[in-house]
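Sharing a structure below in structure tokens format, with a few things to ask.
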Amino acid sequence: MQLDDLIAIAEKHKGSRKKIIVRTCMSAGCMSSQADVIKKNLETEARLQGLEADVEVRRVGCMGFCGQGPLVGVDQNGEHNLWEFVKPEDAPSIISALKGGACRVQRGDPKHPFFAKQMHIVRANGGIVDPERIEDYIAIGGYLALHHALTELQPAQVVEEVTKSGLRGRGDAGFPTGLKWGTVAKSPGAKKYIVCNGDEGDPGAFMDRSVLESDPHIVLEGMAIAAYAVGADQGYLYVRAEYPLAISRLQIAIKQAKQLGLLGAGIFESPFSFNVDIRIGAGAFVCGEETALMASVEGKRGTPRPRPPFPAESGLWGCPTLINNVETFANISAIINRGGDWYAGIGTEKSKGTKVFALTGKIKNNGLIEVPMGIPLRQIVEEMGGGAPDGRSIKSVQTGGPSGGCIPANYLDTPVDYESLTKLGSIMGSGGMVVMDDSTNMVEIAKFYMEFCMEESCGKCIPCRAGTVQMFNLLEKITRRQATARDLAKLEELCDMVKNTSLCGLGQTAPNPVISTLKFFRKEYEELLQPDPFGPAAGGAPLAPERVTK
Amino acid sequence: MKIRLATVWLGGCAGCHMSFLDLDEFLIELAEAVDLVYSPVVDVKDYPENVDLCLIEGAVCNEDNLEILHKIRARTKTLVAFGDCAVTGNVPAMRNQFGIDNAENVLQRAYIESAQNHPAVPKGDGIVPPLLERVRPVHEMVYVEYFLPGCPPSASRIKSLVAQLLSGHAPKLEGEQLKFG
Amino acid sequence: MLPKPSGENGKNAASGLPHSSGDKRFKILELHMKKHQFRQDALIEVLHKAQELFGYLEDDLLLFVATKLKLPPSRVYGVATFYHFFQLKPQGEHACVVCLGTACYVKGADKIIGGIQEKYKIKSGETTADNKLSLLTARCIGACGIAPAVTYDGQVAPKQTPEAALEKIKTWI
Amino acid sequence: MAAKTLTIDGKLISAEEGATVLQTATEAGIKIPTLCHLAGVYDVGACRLCIVEITGVAKLLPACTTKVAEGMEIQTNSERLRKYRRLILELLFAERNHVCAVCVSNGHCELQTLAYSQGMEHVRYDYTFPKWGVDTTHRLFGMDHNRCVLCTRCVRVCWHIEGAGTKNVAGRGGKSKIITDLNQAWGDSVSCTECGKCVMACPTGALFQKGSTVGEMEHDRDKLEFITTAREKKQWVAAD
């Protein structure tokens, strides 16, 4: 494979395109509503209506507007139509509308703020390319970035470009990606590894699933560029077992990339070799923590270990290892193609680029969005999301999953960037954004997250293992209206201890939902507290000295 | 005016009270400083009002225990959990494992499974007070000011704690003074 | 009572012979291990395959894997019980998995579970006495856009209600 | 080896490069509480009792796995650390059923000693009173899960000194449990060599020699360190 071959594939593929493209979303959400049947019916109908020569019914990944799914997009004469809530029996109507007729299906509005306010880098190809055909990806310029890196840039220049972009880890902590790459690149060692963290465990988050299902090659290309930059030749893509569709599409993508020589030995006829193996998680949230994930890749119990040493120095099998998450890798090809400076021009001073969010919960427009960093939260939930349904009002927005916090409605003008969210006691996290309306009981929400952390604690360190149990029990006591002010004090004391002493990020952040709801919704806790008839007596201990005779 | 002292015996083996009696000559000093207003060793039927200090031996096992404990808390300034059963639940709390939150299993175990003759759960008022679902240490039921663990706490440790309290200081158990089991 | 690892099956596995039961699935599992070059770090992959083939991971099966990958049985057991995806007990004929991710939770997934628990008298993680239905929960299946989601025998269904779930389960029983 | 100069609790100390904070403090006569640490096996930093404050580092770090660096300023016994340690111990006591009065290790128990050292005279968190069993199927030894603190010292000596791999942790979170082989009765284990190292390693009365009664079980830790040192330095290996 050389550049000419890549271009030839792209040209040939473009040349064979039909006039009208009917895109059927076949991501997990729409698939649950028979998107596969819809696609088959559309194909049959195109044939029956004699449009076979002009219409390509294409399987595509997530279009984002999951709450309105199943979705079908139509590209015809440079115009784009979107059909919502499509049923299998709607196929004849959609196909006949291609000939100018009316369509009985609900028409989506591509100019709706839900779409208009988005900016696509990571999801640039989602809903456009067929995730199971590498040619589709190549036709829109895929793997050119890898070629450019391999043939025209030194590894250090690749790191430099990523550093310049200001990209920060999209998984959790927001660590500068370029800095991490540079550390791995400089770490001595003949063998190095790349790990892509696709263990998207936050409840209420499905950004990575969507990227992997919709555009697997953008992740593989990002990983390959990273491998070149740091000097690795083996990669592992760790995906949750709960995402079977993502796994099967990745398997297809890896196979196709290998067949074309875009993965494997001597990529683009350079000395650079890179292989990727998939590792399937097995239901352990803690494996999103990088040292736990590495233990799991090694086939062990996914328990974290203290850092330092950091994976960049001593990771998989003791070798320097670069771990980034799916979304981080998905940004790389764009950065290489368009330059770090271009990327750094998007977003805020400290938070560059875009971020994908899963906007869910009590909100009119559910789905996946990609927005520039720094966009006010209000624009996301009110303009794009359309606010709370059923005439209710928004009470709080939860970001960062079980590690994050609940941002109250009066802070909706906060810009969405790493620092601002942290300042509010929440975190950017991987991108889950769950909207709660005024009917939500915040103590119950805190308890929900604490139960999650308790069940997902690996059990290695005591503060997290035993502390989450006690915090959950105290929250139970509070919600059952059996707790006193002394119990609440104990809860707060435990939050502080578990946060500061736990071994890994899971434990260190497990108290966050309690801390943040206590900060903004303390009244809801206090309303549940009971008087303390058996508390300390007035004038109690120690015995008052004036009563002492001796 | 003397300190009004009480001692009570909830679910425990009376070993802590035996240890208390081992205070020997300190008991005489103590008698000068306190009025013993309620105790298993004095004949007072009802727990009096306005008690200054109460040493509570034993865990909270049944409704009778809980009833008097609530009364004690309401009528006493300073409570001391006296001995491991009061502080941790100790041996009495081991019955919790026969059936967590299920006192029936305990009665089965005690009066049926372990019985050699005439297995039957005793019935009738006041014979077996209704058991609590779980045995609990005292401080899980009412607020407790001070703790003196030990099974039993030795006389010297009891003396140290009581002496500190009588001199108006918050007792502090350090080194040898602090011991479980 | 758990079987001893010194049992007949264990010995056969150790000697490199196929599993004594003659069950072809052991052969398939062994081929899968071979594909991974019997690498110890492939343990989780191998357990996935074993569960896919046998439905759950019984002791005999775990022991077979341990011997073939040359791992101490305690290691295999430790890994199999760490990850919630692995089942060590047989499941019912049908599985109803209610997603308990945040989005599903705020949209009433707890009420779906409550409805099923009440009707069939089983708690989450349990199977009905007639072995027809297992009720399970998942920690977010990533279908938040269509919350609340329930997976019926592997098929994800969107925007569920307690009534819809009971209706679906009725067709199984 | 290059020497590093640092201060621990204000005391100026010189340490070898590569040494841990715990080693360095111990050598300087500064006692840091530990539980999962055991001389002779690698450290896991799990119990969090040995956490220390290091100036300029936001997070508290475990002394057992943190390496010394030039100019480090370490606090091992601040009020905050003492409070956290006491809380951790309270959590441990509330987690399982630790009944000192009837325990074989009463008086020789590291957990008990730690509680005394941190002034824990009662546990403020509600006891959970879980139901755990006792395995007395082994000919020589017993395992009482009620007294287990999941420090994994037994697992580590079994894997890394004895090399048998008999013991491991199964399950996760609060449901974690030390198992033998495939979670079978210890007496049925074929991999157990009956070496007794796990019993020597146990900080509490969870692992004990059969026949010991209350307060009789004393664990001999020195032997473990003795064996590993001998192995590492190959002291008794014949030349040929």
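As written, the chains take the letters A, B, C and D, and residue 1 is the first residue of each chain.
Everything below uses one rule, namely that a residue touches a chain if its C-beta (ideal position, glycine included) is under 8 Å from a C-beta of that chain, and two chains touch if they have at least 3 such contacts.
Treat the numbers as computed from the prediction; the structure is a model and nothing was measured.
Touching chain B and chain C together: A, D. Computed centre separation for the pair chain C/chain D is 34 angstrom, with centres defined by C-alpha atoms. With centres set at the average Cα position, the gap from chain A to chain C is 26 Å. Annotation: 56 Å between the Cα-based centres of chain A and chain B. Chain D has its Cα centroid 38 Å from the Cα centroid of chain A. Multi-chain contact residues of chain A (touching two or more other chains): 284, 301, 455-456, 458. Contact of a single residue of chain D with at least two other chains is seen at positions 124, 126, 169, 171-172. In chain B, no residue touches at least two other chains. Chains that are in contact with each other form these pairs: A-B, A-C, A-D, B-D, C-D.
Taken together, the chain D residues at the contact with chain A in this complex read 44-48, 51, 59-62, 65-67, 83-84, 87-88, 91-92, 94-95, 124-126, 128, 149-150, 169, 171-176. By the touch rule above, chain C contacts chain A in their complex via residues 39-45, 47-48, 75, 78-79, 82-86, 100-107, 138-147, 149, 155-158. Of all residues in chain B, only 1-3, 32-33, 52-53, 70, 73-74, 76-78, 141-143, 145-146, 165-171 touch chain A in the complex they form.
Of all residues in chain D, only 164-172, 179-185, 188, 190-191 touch chain C in the complex they form.
By the touch rule above, chain B contacts chain D in their complex via residues 81, 84, 87-91, 93-94, 96-97, 100, 134, 136-137, 139-140, 144, 147-149, 151, 173-175, 178-181.
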